[in-house]
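The structure's right below; bear with me while I get my questions together.
In this document, chain identifiers A, B, C and D correspond to the written order of the chains, with residue numbering beginning at 1 in each.
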Amino acid sequence: MYISSSPHIRKDWNVKKIMYGVVIALMPAFIGSIYFFGWRAAYLTFLSVVTAVLTEYLFQKITKRKITAFDGSAIITGILLAFNIPVKSPWWLPVVGSFFAILVAKQFFGGLGYNIFNPALAGRAFVMASWPQIMTGRWSAPLHGSISGIDGITSATPLNLLKLHATDPAVLSRINSPEMLKNLFIGNVGGCIGETSALLLLIGAIFLFVMRYADWRISVGYIGTVFVVAWIFYLTGLTPAGPLFHILSGGVFLGGLFMATDMVTSPVTPAGRWIFGIAGGLICMLIRVWGGYPEGVSYSILFMNMFVPLLDRVRPKYLGEVKK
Amino acid sequence: MFKTFFEGIVKNNPVLVLAIGLCPTLAVSTSAFNALGMGAAVIFVLTFSNLIVSSFRKVIPDSLRIPIFIIVISTFVTIVDYVMKAYLPGLSKNLGVFVPLIVVNCIILGRAEGFAYKNPVGKAILDGLGSGIGFTLAIFIMGTIREILGQGTWMSIPGGFEGFKVLGQGFLNYPVLFMILPPGGFLVIAFLMGGMRYFEARRSA
Amino acid sequence: MKDILKPTFVLLITAMVASALLAVVYEKTSPEIEKRAKEKLLDNLKTVFPVEGAEYKPIIKDTLWCVEKDGKRLGIIFVNGMRGYASVIKVIVGVDTTGKIVGVHIPKEGLSETPGLGMKVTEPWFMEQFKGKREEEVKLKKDGGTLDAITAATISSRAATNAVRSGMEKYKKYLKEEEKSENEWYHKHLSEFFPDAEIEECGNNFWVAVKDNETLGSIYLSYGEGYGGKFGVLVAVKDGKIKDIYIQSPDEGFPETQEFGCKVREHTYLKKFIGISPDEAGKIDDVTGATITSEAVKKAVVSGYKRVGGE
Amino acid sequence: MKLLKFKGGVHPHDHKELSKSSQIMPVPAPEFVYVPLSQHTGAPSKPIVEKKAQVKKGTRLSEPVGFVSVPVHSPVSGTVMGIVPYYHPLGKKMDAIKIKVEGDEIEDGIGEERDYSNMKKEEMIEAIKMAGIVGLGGAAFPTHVKLSPPPDKPIDTVIINGAECEPYLTSDYRLMLERPDDIIKGTEIIRRILNPKRVVIGIEDNKPDAIQILREKVDGTGIEVVSLPARYPQGSEKQLIYAITGRKVPAGGLPFDVGCYVQNVGTAIAIYEALRFGKPLYERVVTITGGVNKPGNFLVPIGTPASHVIEQAGGVKGEVGKIIFGGPMMGLAQITDAVPVIKGTSGILIQLKNEVHIEDVYPCIRCSSCVDVCPMGLMPNMMEMLINAGKYEMAEKMGLMFCIECGCCSYVCPSKRPLVHTFKMGKREVLKRRKK
């Protein structure tokens, strides 16, 4: 006979299911990355995932904690980290990044559920700060396309075009062209391993939303804000690229769909989530237009991660709450 | 008597245990040599200000002690600053504003107020030396870790010795820049503090 | 009353003792500090414009120096700054009188660009590539120039290059002045063409010889680009015909080789110019073995004539 | 009038098909019954019978202590064996009157039809009180207290709760199907006492036949029958009031604060029986379901041990995992099958051993499912964290005391955290501190 508190039935899901659900949702983009960048993308992702799981396992073993390394969350961190590095990275980059992400950003904070920052993004920030020459200087073209999405320009990713070649009339005339936007949407441009294909990421994300493994408010808030702000900036001449270019380029889809929506590091209330997404999108655009980096997705999300405890205070009114 | 000396180094290490004087610690521990320079400056100022404060502790009026401490400390700091500028200009440039800022370093004011003002000269000097060496050790260890990981060298001197190439060429090509950036400083000091606590807990257990 | 006086007195004493002590230290160290500063500065100046025995005379304090040797101006050195990624990137640049960069130095001290990235502007390979560049070439390849940027540190690289270029533009006029005085070689020749006349300058490297309110003729100065570099040609014109012609001597900076290029300076060749209209100079035969130089001379004569409006 | 949907809630599989079609069957009396003296919210009643006293069905065994208290009655005829501490569904042993069952006599007067049309309001309330009637939905709040709202808070809406949102349970459903007339008569009595403007019977739309029958029966009485969306916890007082009237019961307040009165359909029948036949509340309909061979609805004498009732339902199919008094969402797991049925027991759910999932508890991953489903709009994840950290005041500020313990948060939690359990403990701790 078992005795336990009510309720005595539980919904048929659990943390593992959610985590592996996210892993499945990442698969289209993963397969896409192999198609776009070749087997090296798979190799780096594999290294990253193995390091993440192994680090978590060893840490829990050494500190004599419960082993939860195989609950899927470390796999997600590994995949997302690999998705955030260029395919030309040396093999040790995802290894070091994953190691840092799991050890410092996750386990030191107390493990799953207690980390303040999205581990994959923290790991990315670490490798970005440590080896910027690799992270921002080693772009390669997809196997079946050009690095910039525009024929004839081979040195820069779409966002770098915007940051560094925005005065070039040849770039300006084609940056909002249907050809460019199509390449961006499909993912046939240079960039980090998993971020290029908006289409494949979207497929995975819709699965997440349907299964309720991620909250659509953050994604809609984030990507929507980037779109609206980019539009305003485009109309006022602050950026030469249109709103579609902005949401499809760089990591907006990867970040907005998979990293900002990380349950642990996002607010729990609907209002908090809207604020989280919208403020994140705004910061991303501010970094893109005025910041030193061409891309602002990861830092905007990390930045908003810090405000989560504050945003959690934006709680809904409970039924019949009396104002005091 | 020598207990005072060793307490400052280990048990009451200003940086790793008391967590004071963190600002210069984080800022100048980007290389081992800078850290040593800073440490030397702090040892000098700390020892001499302790000496003066302790010697005159009977004549310093209670109500005036803080302004007088500040004058004493800032005098020694200025001396260090001038001497460094004159004879070690490279180091002086690297340490920058953090040498003048020793004036408001809480280790020094704290030792003057908390120890030297209440204790005889001999003890005060030992305390100054102990705390100063404790600070230097902490910042030197940090500087060593950060320089080796962040630059691949150890003990490089600005405009002089290139430093020992500890970790080989691969590392010199791709050093962990993160470590010499501010967040790296926080990370290293967190590790050191954590380690200190861990061993303290083990020893007392 | 005593409550106020006593602390005041104590504080006064303390402050006085401290000041006295500091005064002594200052007295001892300040010459050393100054000496160091000067040495450092001279060091920097020497790196960017290394000429044995040259003098560095300040024109604008801490910003602009002229480099002179034996009373002759060789070039200038300037300091200029431009906002980089995290700090102002200061560049020290030596430029010679022809407008070519002799050397660029970017001091590490006080620079707080990202280590390993923007900080790389202080690496020798980056500073080396400026050598010998002219103003219009000082641009990153990305911006249509000739310089390599540092990987992943475009902002810092661009700031450094822009600092060099804008400085060159700002201080160009100091070089121009130099050009004039440096080219003094022709002054003493002007009077040789019309011995008794007064030479009046009309600007634009064009002079008119006047005697008793009567114009005797005109002289113009033109430059040719020879095998080894630029050289000057003085042409005296009288009644639409070349009266005389003089080419800069090797002492005066004639850059051509002794055995071939110098042949154009020989009287036998120059004689061919005399008496013809400068327009027709192109028809004159070249000196064997010095085709480029002779072509340059002819071009200089014709273009110079065109410039002054054919008299 | 348009129905408002309350915020949150969950859709667990209702499993009502198990017992839905089984008619209410009376359960023969067991050998012994144990009638706890406290079966309601409020002060326990005081026994008035002694050991060896002979009692009949309906004999009053105790008298109420104070206003918020009701007496208990003997469900059987027999001999009082004494007052013994005995298992109670709340989980601890409490005083109960043990009666040995002998014969089948009924107390005089019970069952005779009476005319209550001339009774005064106060007389009716007193009769309801002495019949020992409490809310039969589960909370067991004395009905006469509810029927006497403060004079400054008039009731304008009476809601008869036929939602029965708990999965598995079908006792109210069967009552609505089998005794719709009695429900309406009981409702009319409540209407007479409270004189409201509007009387509503609310039923979840997964019981269309019940809705249809009641709609037919209420024709011409002015009573509305409202179909509510099936969504747990629709039957919770505050959610029901909000859905039907759009009014929000103020936090810490009671339904009469917004002019509402909510009563379970079973209670309405009990009120009718008390006034019409003088029958006190000594038996009730209980759904026995889950892992039993013949799940069904039974009319069980109060005080019958669960084991006896389970036998009537054909016995357990396999190894018992959990015996739950009430539904799976809010019911209480019992330590033994000797626990007696009391007035508030709407169902007994047997979970077999292989149906009980003891799952790993993970740290909260902040998925916010609990926040999304909380029908009270609370933040269970934060409250749990605060309670575990001992910060009861802050948890209270976040609305801990207004938690209705519906179990939605624990139900959805992917980390399988015992949220409701924590809140129950937290509430107890807060109350303990308030007393100090």
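Here are some notes:
Here is the rule we use: a contact is a pair of C-beta atoms (placed from the backbone, for glycine too) under 8 Å apart; a residue touches a chain by one contact, two chains touch by 3 or more.
Keep in mind that what you see is a predicted model, and the values were worked out from it rather than measured.
Hopping across touching chains, the smallest step count from chain A to chain D is 1.
Comparing mean CA positions across the assembly, the chain most remote from chain C is D.
A count of contacting C-beta pairs for B-C and for A-B identifies B-C as the more extensively joined pair. The central chain of the assembly on a C-alpha centroid basis is A. One inter-chain figure worth recording: chain B and chain C are separated by 49 Å, centre to centre, where each centre is the mean of the chain's CA atoms.
Separation between the centroids of chain B and chain D, computed from CA atoms only, is 71 Å. Spacing of chain A relative to chain B, judged by their CA centroids, is 41 angstrom. Between chain A and chain C, the centres computed from C-alpha atoms are 53 Å apart. For chain C, the set of residues that touch two or more other chains comprises 114, 116-117.
Across the assembly, chain A contributes residues 132 that each touch 2 or more other chains. Residues of chain B found to touch two or more other chains are 175, 177, 181.
Chain contact summary for the complex, chain D toward chain A: residues 6-7, 10, 12, 167, 238-239, 242, 248-253, 320-324, 326, 328-336, 349, 351, 356-360, 362-369, 371-372, 374-379, 381-382, 398-399, 402, 405, 407, 410-416, 418, 420-421, 424. Residue ranges on chain A touching chain B, taken from their complex, read 90, 96, 104, 126, 129-132, 134. Residue ranges on chain C touching chain B, taken from their complex, read 6-7, 10-11, 14-15, 18, 21-22, 25-26, 29-30, 32-33, 36, 40, 108-110, 114-117.
If you check the complex, the residues on chain B that touch chain A are 174-179, 181, 183, 187.
Touching chain C in their complex are the following residues of chain A: 132-133, 135-137, 155, 163-165, 292.
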